[in-house]
Structure formats: structure tokens, C-alpha cells
Amino acid sequence: MTNLAVDICGLRMKNPTMLASGVLDETGKSMLVVAKAGAGAIVTKSIGKEPRVGHSGPTIVELPQALLNAMGLPNPGIEAYAAEIAEAKTAEVPIIGSVFGGSEQEIAELAKNMQEAGVEAVELNLSCPHAKGYGAEIGSTPEMVETICRAVKETVTIPVFAKLTPNTSSIVSLAKAAEKGGADAVVAINTLKGMVISPEAKMPVLGNRYGGLSGPAIRPIGVRCVYEIYEAVSIPVIGVGGISTGREAVEYLMAGAKAVQIGTAIWKEGPEVFGKICREIQDFMDEFGYTKLSEMTGVAHHGRT
Amino acid sequence: MRFKEPLIATAGQFVMVWVPGVDEFPMSVSYTGDRCGITYQIIGEGTKALAYKKPGEKIGLRGPYGKGFSIRGKKLLFVGGGVGMAPLAPLVEMAAAKGASVDLVLGAKTRGDLLFESRSAVAGARVHLSTDDGSIGFKGLATELAQIVVGKQSYDCMYACGPEKMLAKLLTIATEKGIPMQASLERIIKCGIGICDSCAIDGKHVCRDGPVFSEGDLRRFTELGKSKLDAAGRKIPI
Amino acid sequence: MTNLAVDICGLRMKNPTMLASGVLDETGKSMLVVAKAGAGAIVTKSIGKEPRVGHSGPTIVELPQALLNAMGLPNPGIEAYAAEIAEAKTAEVPIIGSVFGGSEQEIAELAKNMQEAGVEAVELNLSCPHAKGYGAEIGSTPEMVETICRAVKETVTIPVFAKLTPNTSSIVSLAKAAEKGGADAVVAINTLKGMVISPEAKMPVLGNRYGGLSGPAIRPIGVRCVYEIYEAVSIPVIGVGGISTGREAVEYLMAGAKAVQIGTAIWKEGPEVFGKICREIQDFMDEFGYTKLSEMTGVAHHGRT
Amino acid sequence: MRFKEPLIATAGQFVMVWVPGVDEFPMSVSYTGDRCGITYQIIGEGTKALAYKKPGEKIGLRGPYGKGFSIRGKKLLFVGGGVGMAPLAPLVEMAAAKGASVDLVLGAKTRGDLLFESRSAVAGARVHLSTDDGSIGFKGLATELAQIVVGKQSYDCMYACGPEKMLAKLLTIATEKGIPMQASLERIIKCGIGICDSCAIDGKHVCRDGPVFSEGDLRRFTELGKSKLDAAGRKIPI
């Protein structure tokens, strides 16, 4: 019998799909809905110290194979959000708390709050491309990534995932820095920095002008990043970017990902996309004679390196 | 405000209106058919900037989004509170044109705020007015007037849009009388496409699963008329 | 009357569209076909010193809104290619010679050969993401970009365009470096490094494993790069990436591009796409009351910095 | 080699065949209809690796690409040289099934290299064989035999595929006799989708405008039978 279960840094997932941070995860009830729809784990919205309303509208542009978003990290602040986590925890899947901050101290403190709120792992958003002073702005050099990971590791006891930006000439250096700083896993990729201009309005459409590109359009970039990182580090890699079918999830697994995250696919297919993707992975494994996920992990590297 | 660009929308659906350089916000479609349109109340920066636009000036539109109303039965009751009448108006017209018997309870703070009274009357609806200050029609809340109207006749379905406290009260009335109900809800809408969670109500999403919900969902909503999320995602009382 | 003409570093173009390097430009006759179809200028394939057969197949993957290619810079070498340039020059549009090389000396020498072959400007490919030792490998640091531009400027008298990679954390630094090194214009963007894996074959599809992503999928990234660069340098910017309609060309112009390049659109629409795009730009200008291109250049920045 | 995956292709079109880990190259479709297929000659690394594949093993396919043949008229002449018979075979079948009168000149170096002789005969074609060594049929080039066949009867159209020198000679014959002609050409095909220029012939592209060209294009081609590009894009003599 094929088995979709996977253990990532001690988190037991019944399948390798996780809800990506920032999508349908501002409220506990929505996270429950996604868990019920089949997600193997849930990553929360990226949470900061204080409440933030995010950028003014438009916050999203729909493109044929992508979304461009500049939500601007809206969130109710860690204190209020604890109640949402408590509610999400009633689902029987691991909850991973995503945090963002402007310095390693702030991030470490938030990670601690997350641990206290009861999450099973913390994900550091070192990669949001459209919030001044946060995300990619502090996660684009290996030195900063290493410093932040180390600070967090010294503060919490739960596993730490570092989510990296593809807006760099070498995501491999960032991944190595995360590993050196003690991160337990890396997550790749966050969105690519982009812009859409309205010729009629003569200005960028997003209220924030710049935003992050996600969805099918970026999948080849995400797969490439995971493939490169897998060759360079020995901690697990979690793949994310443009997955909406089981076959696409398998692409990431074969590139070296131990689990995958899914966000934008919910736009076209709703939360049910998780169940669909899992069934498709299963069908693929049945057809090609795989019985465990580990038999697929990284096989696209065989005969190389 | 009517649009030149073609847009195929049903009553209850909404569009995201972009006022370039200012903001983007949701507006129900208040005219359907060949030339769609919206009807808005000036609330803050965004709607004020919209009001300053001259005819021919460009605004951005995306949508329509969400699930609209559907006509169920022959004897229909509509309850519109304030600008909540906007999404109901095209539905009243459609129902009347289909030969349904239409009662409309139209409420507002004061006479000047009543929306689409004559449009609905012309369409063939029996219009029952209520104002909080009694400047015209029944003096009191639309829910009080609705309670009276409901007592006189049986209805196949109730359609409502307006302040959420009003909707919650109407749900109680509909439940007591065993009348099916459809109501259009408001939450902060940012993405409009069901991914950002800012419009969440009990795990459902106003932008995608709504804005129109039926009595089944409405009864399950623990947050209805009680709490909603603000722009930062904090739960605040209604 | 609306006028589509533009003068870029002294090159007179009857419209702002150029054929992008690497697409239908290995032979003089194909470049003539593209010129006849309406392109305002032609950029040649990137040419090196010696003949190169490029990577083994597959060299291309078709995606819904993008192509992933790893041609591997196949080219007959500068000596043999001179004949193709001679033929292309019979078209009445400027020919821009693209070159790639492994060091500043090699690139400068090739630029000189190009000048001798009769091109009106030279474009430096500092950005191909899939050829070992060339392109992005030598164009990803500001220092290298500056050194190469300077070496070329010291060698040739025709205008020098530096084509930059988006696979970086700051394309702005690369553009500034190019300007400092004396480049007369910058071209942004080349393709994004990507990979597609075949789950059935358990390996990357491209013979070279990695390739470059082009087409509509990358347009928001290209527009963002041009917008950022326009605010940082005073030399002209030439925009490229995912353009296949007049409206999309206008997006780039409003972001700050003086001219645009078009490559992947030929896949779906053939060389005729140039004529179509020009007509659409014209229609847009007529509708919105623009009479010259310069009235649109960079307008998306108004009211900002 | 036949494929299980469905593929809707017409005779003359080609697919890109990927042998994972080795290379990708173009192959004409030699069977159309429900179960498409290709017929190949072992030339180098790629085709050798293909020959080693066992039934059920996976190869990659993309396409079909390009423009195929079209049947014009009732009296048709086919000339296939060596593996050039591959794209013609399904066309011969289709023409015969449509009731056309079909002559096929089938040439090869030697008897064992003749392709689809009985397949064509079964379909109803009159088959005229030629071998360079005379091991069967006419001794000499297929073009010489075609010259003779053409002298005996009038034809509405000539279809050809094979070595380019052969095609060039056939074009001369067709022009002399005033017979329309369609020929499938070979060039190095890399992208297959008309963007890389590696298959260029006089500004046209074999992968997109061809591989089948009609007499008008064929006559305009200055490079036909004379030169082509090698894998680096150098012009080399044919």
C-alpha cells in the first residue's frame, strides 16, 4: 500500500502537503477548514508584534498563471493571534507558526510567543518581497539569515524553518547560512518581486506598487531553487511555489523536497485542492510503483553530482 | 454610477472598484444587464474620491465576484436597510418581471436616505417604508415593520441586505415563521478571490462563498451580528 | 498624428520594438523576415569567438505562459556570423550585435569584431542563466559588470548596451555599475533561472537541467526591474520580458523603458507579432491622446520620487 | 514504434522524441489515427538509445508540430527515398483509401533498406522499386525511375521525401512537367516551435512553416539541395 505519511523534523504529517503562509490562515476557523480539506500541516499567516492593517488596495492582481500580491503583512499581532492558534490546534495536523520582524531580537521573541501559543514549529519569513524593513529586506544576505536563525534557535526548543527569498543571485548561500545558523529545515520559495502597471491609470496597480508573484508562473523557479538547495545542505527542504496538481508536487519531491506547501492554488480550486493533490500523488505512486514518499525524494539528482 | 465596459453580473454579486492612487473596495452591483452599475454611500477616503470622479474619468474594476441571490418561489419579501438596498434593487425588478408577488420593506435613518423607492414601485413591488425618525412611513426599525408585514401573509422566501444587527433579527423572524432566507453580508474584502482570509466568517468567506448566504449558513454563523474582523484581522464587536 | 519613432543612443528606430537576442536571429534571412514583419531594430543572437553547438536536447520546454530554454548559446562564431550580419543589414533597421564571452578581454574583442561587421550598437549578454562560465555567471556582481562595460567602451566607438540578469537581489546595483562603466543603455531583463522535472522520467527535462524562463509569466518581474532601474540611472533603459501585446509594451514604456524587445511572443504569434504590437501601441496612443512615445516614458513614476 | 498516448497528427507532421538522459530529436509520424507511431533509422547516439528501449519503457514526446501534406487531385505520384518513406506511408494509405490513383516510386541503397513496400501495395498503390545496387527493381537512383514513371502518365501532384539532392532533382522534373509538388525537408530541429532559427532555410522554418513545402516555396529556396546549417548554425554544403 502506498503511504503518503512523512516526518519532518519530528512533525508527523499524514501527507506531504502544507498550507502556505498568508493564505486562508488569519483565522482559526479557516485553518480548520483547510485541515479538513486534507492539508497535512498548516502554516499560519506571518505574524508580527503589533497589529498591522497592511497596504492600501488594490492588494492583488490576477494574472493568467499567477497572482501578484501586496497584502503588506496584515495581522492582528501575536497577542490576539494566540486565540486563532488555539482554535487551529483542534485540527489534528501540526500547526507551524510563521513570524516576521525587523531584527533578530524581535523575530526570536515572536518565535518564543509562538511556541508559547502552542505551535509545533516556527517558520521565519525572511523573504516577503513587499514590506519595508521586513521579510526579504532582512533576509537577502547570508550573514543576516545566519544571525537570525541562530538567535531563534537559542530562544525556542521547537524546530525552526527558514523561509528563503528567490530574489537573490544565490539562494544556495542563503540556505547554507540558515543551516549554519541552526535552522532545522529550509522552505523555498517565497514570491518573486514584481509589478503590474495599468496603462489606462498610468500607474502601478498595487497600492504598494511592488508585490510578490506566486502561482504556476513561478513553479520552474521554485523547482530550480529546491534542486540547487538539496545539493548544498543536509537539512530537509520544503518546496513551495505554483503547485496545484499531484504531478507538480512530485516534481518538487523529486527535486529534493521532503514536503510541499500550497497557497495560490486555492484561488482557482478552493481548499479542496489539498485532497485532490494528495489523491493525485497517490495515483502517481501507484502507477509507477512507489510505496513511500522517500523513494521519490531527490531522485531527479541520480546519476549526477 | 454606470459603466460602459460590459460586465455580466447577477444581483448580489459585487465588483472591486479601484480609485487609482487611493484605494480599492467592494461594491455590490445595483444595476445588472447591458449597462451594469453600482450605488454607493460616501463613507471614507475611497468613496469620497470616487464621488469626485467626473463622467468619462477612468476607474478600475475587477469582478464580478461571489455568489448572488437566486429567486425561489412566488411570494417574496425583501428587506433593505440603507445602502443595503443596492444589491436588492435589481433583484426586486427581476422578481416582479417574472410575475412574483413582491413586498419590499425599505428602511433608513431618515427620508433622504431611502434608496430606490420609486424604482422598486415602478417595477411593481408593494413598498413599505420605515424611517428611524419617522420622517416618512413607519417610525421605527425596518425589522419592526418587517415583523408586522410578515404577520399578514405567508412568504416563500425573504431577501435581505443592510446592517448586520438587522440581518440577525430578520433571521430570527424568518426562523420563527419558517421562511427560507437569503442575506448579503459585509466583511472587509481585500483580495476578493478567496485567499487572504480577511472576509472570514466562521471559516466561510464572504467574497467567495457569499456575499449572499442562505438560512442554513446564516444559522450556523456564530459571528453573525456579533463580531467581525477589522483590517488587521482583529476580532471586533459589531 | 501619433508617431512611434524613437532615437536610442543615436539609433533611429521607426518604432520602439526590437527583436530580442536569441530568437530567429541565427541567419541573416530570418532577421530580414522579422524586420519586414515590423521590428524597429534587430538584436542578433549572442555570438562568441568560436562555433558552439549548444546544449544537448531537449533545449526547450513549453509551459502555459512561458518557455524554459537551454539552447546553450549555439552560434557559428563571430567570423562566420559576419556574413549573416551583412545580409541582415540590407533591412532598413538598426542591427545590434549581441556578444558573450568568458572575460572582459574576450568580450571587448568580440565587440570590436561586431563593430567591424557593421552593427550599429553592441549588446553585452551579461545575463544568460544557463551557460557555464558565460552570461550571468560573469554578470552577477556590480564589479564585473562595470569592468566589462569599461573594457568594451575603451575598445569600440558604437553605443554599448548592457543586458542584465534578474537573478540577483539588486538589479539596480548592476544597472548603476553598467552606467559607471560607461554603458550607453541597459537592457532588462534576461531570463530567470528555472527547471522543469519530468516525474515519469525522474529527471530534469532540459539536456542542461537548468534553463531560462521567458514569456508572459516573467512580465511582472521585467516591469518591476525596469521601474526600479529607471529611478536609479540616467541612461536609457530597454525593457524586455513577456511582451506580446501593445498594452504590455506600454506597461514597459510607462515603467521607464525607451524601447522594448520581444522574443517569446514569436512562439505563439510568429514574426507578425511585431506589426501587431505596433498597431496596438498606436491605437492605445490614439485613444488616450498621446502623440509621441516620450509622453508615456516613465509616467508611472509621476507623483513619486 | 507505436505510442499508447493519444496524438492527433496528420501525415507530414513530426514529433520531438526525448530519450531521457540522451537527447531529443525530430521524427515524422509514420502512423496516424488511433495509435500513432514513428519509424526510425539508427544514425547516432539518440536513435541508438531509442532502439535499446524496451516496450513499456518511457520516452518523452512533444508535438505534433509543423504543417503536413495535403491531398490534391486524383492521380498522385509519391517518391520516397530511404527512411524518407516514413511520412509518406500514411499519406499513400489515405490517398488510396480516398480512391486516388497512386503510383509510388520507392528507392533505397539496397533491397533491405526499402521501407513500407508491402504496406503501400496492400493499401492499393502501384509500387515501382529502385535500388542503387540493383538488388531488386530498377538499378539506379529513385529520381531516374521517377523520370521514367512521369513520362508515362500525367499526374495531379507529386509527393516526395528523402535526401535533399533527390528532392532538388524531383523539383526540376516536376517543374518541367508542370506538376504541383509537396516535399518534406530536413534541417536541424532544436526548439520545434519556430523560435531558435536552427532549422532556417531562406528565412522560412522547417519546424513551423514546414516540414512540408509546396513547389512555390521550394523553387524560391536558394539553399535547397545546396547548403544547410549545422548544429552550431554554420552554413555547410549538402
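We call the chains A, B, C and D, going by the order they appear; numbering starts again at 1 in every chain.
Please note the rule applied: a residue touches a chain if its C-beta (ideal position, glycine included) is under 8 Å from a C-beta of that chain, and two chains touch if they have at least 3 such contacts.
As the structure is a prediction and not an experimental result, all values here were calculated from the model.
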(request) May I ask you to list the chain groups that still touch, directly or through other chains, once chain C is left out? (result) A, B | D
(message) Taking the mean of the C-alpha atoms as each chain's centre, how many Å separate chain A from chain B?
(response) 37
(request) Could you please state the distance in Å, as a whole number, between where the Cα atoms of chain A are centred and where those of chain D are centred? (result) 51
(request) Measure off the straight-line distance from the CA centroid of chain B to the CA centroid of chain D, and report it in whole Å. (result) 67
(request) Specify, in ascending order, the residues of chain B that touch 2 or more different other chains. (result) 21
(message) Using the touch definition from the top, which residues of chain A touch two or more other chains?
(response) 200, 203, 303
(request) If you connect every pair of chains that touch, what shape comes out? Choose line, ring, star, complete or other. (result) line
(request) Would you mind giving me the full set of chain pairs in touch? (result) A-B, A-C, C-D
(message) Residue numbers of chain D touching chain C in their complex, please.
(response) 16, 18, 20-25, 46, 58, 60, 62, 190-198, 200, 202-203, 205, 208, 229-235
(request) Would you mind writing out the residues of chain A in touch with chain B in their complex? (result) 22-27, 29-30, 32-33, 45, 51-54, 56-60, 62, 67, 69, 71, 74-77, 80-81, 83, 198, 200-201, 203, 205, 207, 263-264, 266-267, 270
(request) Using the touch rule from the top, collect the residues of chain C that touch chain A in their complex. (result) 61, 63-66, 68, 136, 140, 165, 167-169, 192-197, 199-200, 202-204, 209-211, 213, 216-218, 220-221, 223-224, 227, 247, 250-251, 254-255, 284, 288, 299-300, 302-304
